[in-house]
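Read from first to last, the chains carry the letters A, B, C and D; within each, the first residue is number 1.
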C-alpha cells in the first residue's frame, strides 16, 4: 500500500506579497514618526527633551496591552475549540506582547529618572506593567517548556486565560495601593498639536509594526506545525513500507 | 448535590491520608515558623518600629507556606496512579478539584492558626478590629487555595514544576497579597479607613472570579 | 562628559538608524536641557536604542527559527522524494 | 460462535515525538473473549491500553464502545464500562486495601461488591485487609488492584501485565478470575510477556510495527 503525499503539505516558502507591502508600510510609518518626533515636536516645557520617550513608550504600552489581551482571548478560543491556528496565534501574540512589555519596562525607568529623579517608583502603572510582564514571561516559559505536547499546550493556554482576570484585578490593587504616594508630575502631557500628531503617528506605527511581528511569527509557527505534520506523514509512510514485505511473506 | 457528596468523600479520604502521614503537616508548620523567624532576622533592628512589619511577615509567610503544601497536594494521586481513575468514576474532575481546594484551605487555616498568634507575639502587636482581619485572612486563603490548586494540578505534568509554580502563582496572587497586607496594616495601626471595605470587596471579587474560572479551566485542560 | 557620550551614542545611531541624522540634530541642542546629573538626551537615546535592540533580537530569533524550519522542510521533501521513488 | 463486538478500534494511530508508534491498528473485542497481546518493549502496548480506555486521545482513528465513540461518551460512562489495571495499582497507598475498595464503592454509588468479599476473592489474607497498601509487596498490590477490577461493573477489562509480581498460586487465581469473567460475557484484553499466560488466552496477538498481528504458533 503506497500513499502519495499531496503537494498541499509543502508550504510555499516565499513571503506573501501583502505581508511585504505591510512590512514596508510599517517601516515607513516608524521612520516618519521618528522623524516627526525628532524634528517637529518641541521639547516639553517641564521635562525637556526626555519627554520625547513618551511617544514610543505609550505606543509600546498599547501594543503590550493589546498583544497580551489577544493572547488570552486566543488561548481561550484554543481551549474551547482546539485548533493549530488558534494556538499559533496565541503564541505569537504572547511573544510580541512580551517584547513590547520589555520595551515599556526599559523606556519607563529611563524617563522616570529625569522626570521623577529616580529610575523606579512604585507608581501604580509601573507596578502593574511589572507584574503583568512577570506573569506573561512565566506563561511564555511554561509554553516553551511544554514543547509540543498536547497537555503542555493546554496548560499554557489555561494559564494565559487565568492571566487576563488576574491582570485586571492587579490593576485595581496597585492603583489603590499606590494611592498614598504623592502623584508626581503627570508627565508627558500633550501640549500642542505637533505633539498630538507625533503621539498618534507613533501609536499607529508601533501597532502596525507589532501586527507585522505577530503575522511573521504566526507564519513561522504555522510553517513549523506543517513541517511536523509532514514529518508525521513521512513516518507513517516509512512504517507502512517496512511492513509491506512482512505482509507478503 | 451529588458533587457535594463526592467532594466530601474525597476530602475525607485526603484527611485520612494526611493524618497518616503526620510528617507532612509537621514539616509544613515548621516551615511556616521558620519563615517568620527568618523574616524577623531580616527586618528587625533595635529601635525600629517592629509593628510596621507585621502584615508583610504574616502574608508572605502564608504565601510561601501555601506553595510548599501545594506541591504535595496531588501526591497521593500521583503515587498510586489514581488520578484518571477518580475522575472517571466521579463523572468529571469537579469533585476532585473541590476536595483538593478544601484540603488546601484546611491546611492553610491550620498554618494561620499557628502563625497569627506567633507573629503578634513576636512583634508585640495588637489587632484593633479582629473581625476584619479574620475576614481578610479567610478571603485571602480561599483565593490562594483555588488558584493554587489549579496551578498545582495543571503544572503536575510539566517539567520543573517546583520552580514554575511560584513563578506563575506569585504574580497572579499579587492582588490578594496587596489587599491582605493593607487590611492587616490598617488593623494593626488601628486606623479606621473607608478603604477597608474597598480592599475586602477586591478580595471577594478575586475569589468569585477564580471560583468560577478555575474548575472550568481544570476540566478543560485535563481532558484526554 | 555626558554630552560627549550622547554625541558618541548618537553617532552610533547614525550608523544604525536612517533617522540618525534627525536624532543627532536633536542631540546638538541637548545641552540646553542639561540640568541634573543625568542628561535627558542620553536617557532618550538609550530608551530608543534599547527598544530598537529588543525588537531586533526578537526579529533575529524569528528569522533564525524560520531558517531552521525551512531547512527541516527541505530535508523532509528530499526524504519524501526518496521514498516515493522506491515505491 | 461469534458474540457481539463490545469494543472496536479502527485505524488507530498514535504519534509521539513526530513518529508513529501505532498506525492503522484495528482491533475487535468480543463479549466473553480473552485476548492476550505481546510485543517488544516500546512497541506501544501500554499506550494502546490507555487509548482503548479513553485515558488518551488517539492521533488518528477512533475507538467505539458498543458502537459509540469514546470521545462522544461522558468520562464516567467510560469509567463504568471499562476497567483498567495499570502499572501503578490505582489505589491510595496510605489507605488500607479495604478502605480503598470502600472508597471506590462509595464514589461510584455502591455498584461494586463488598470490599471483604473482593479481597478474599483475590486471595489476600484477612490480616492484610487493614494494612496500608504502601506496606504491601508487589504481588499483594497487584492482587488488591485486581480486586478493584473484579469488583467493577465493567464489561471490558484492560489488564497491563497483570501477572507481574504474582506467585504461582497467584497466576492460577488470575486465570480463574479471568475465566469467570469471560463466562459472564466480559471481554478481557491482557498485555503480557508471560508465555504461560499467553497460551491460556483464547486469542494471541502480537503488537509489531504499530499493528496487531496474530501470533504464529510454534510447532
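In the analysis below, a contact is a pair of C-beta atoms (placed from the backbone, for glycine too) under 8 Å apart; a residue touches a chain by one contact, two chains touch by 3 or more.
Quantities reported herein were computed from a predicted structural model and do not represent experimental measurements.
**Q** Could you tell me which chain lies farthest from subunit A when each chain's centre is the average position of its Cα atoms?
**A** Chain centre farthest from subunit A's centre: D.
**Q** Which of the two pairs, A-C or B-D, is linked by more C-beta contacts?
**A** If we tally the contacting C-beta pairs, A-C comes out ahead.
**Q** Please tell me the distance, in whole Å, between the geometric centres of subunit A and subunit C computed from their C-alpha atoms.
**A** Each chain reduced to its C-alpha mean, subunit A and subunit C end up 17 Å apart.
**Q** Between subunit B and subunit C, what is the gap in Å from one C-alpha centre to the other?
**A** 44
**Q** Could you grab the centroid distance between subunit B and subunit D? Build each centroid from C-alpha atoms only and quote it in angstrom.
**A** 39
**Q** Need the CA-centroid distance for the pair subunit A / subunit D, whole Å please.
**A** From the centre of subunit A to the centre of subunit D is 47 Å.
**Q** Using the touch definition from the top, which residues of subunit A touch two or more other chains?
**A** 231
**Q** Which two-chain combinations qualify as touching?
**A** A-B, A-C, A-D, B-D
**Q** Touching residues of subunit A toward subunit C in the complex: what are they?
**A** Its residues touching subunit C are 2, 4-5, 10-11, 13, 31, 34-35, 38-39, 43, 47-53, 56-57, 60, 95-96, 99, 102-103, 106-107, 110-111, 113-114, 117, 209, 213, 216-217, 219-220, 223-224, 227, 230-231, 234, 237-238, 241.
**Q** If we count contacts the way the header does, which residues on subunit C are in touch with subunit A in the complex?
**A** 17-19, 22-23, 25-26, 30, 32-33, 35-36, 38, 40-41, 43-44, 46-48, 50-51, 54-55, 58-59, 62, 65-66, 69-70, 72-73, 76-77, 79-80, 83-84, 86-87
**Q** Quick one: in the complex, what on subunit B touches subunit D?
**A** On the subunit B side, the touching residues are 6, 9-10, 13, 16-17, 20-21, 76, 79-82, 84-92, 224.
**Q** Hey, which residues of subunit A end up touching subunit B in the complex?
**A** 79-80, 131-132, 134-135, 138-139, 141-142, 145-146, 151-152, 154-155, 157-159, 161-163, 165-166, 169-170, 172-174, 176-177, 179
**Q** For the complex, give me every residue of subunit B touching subunit A.
**A** Per the stated touch rule, the residues are 147, 150-151, 154-155, 157-160, 164, 167-168, 171-172, 174-175, 178-179, 182, 195, 198-199, 202, 205-206, 209-210, 213-214, 217-218, 220-223.
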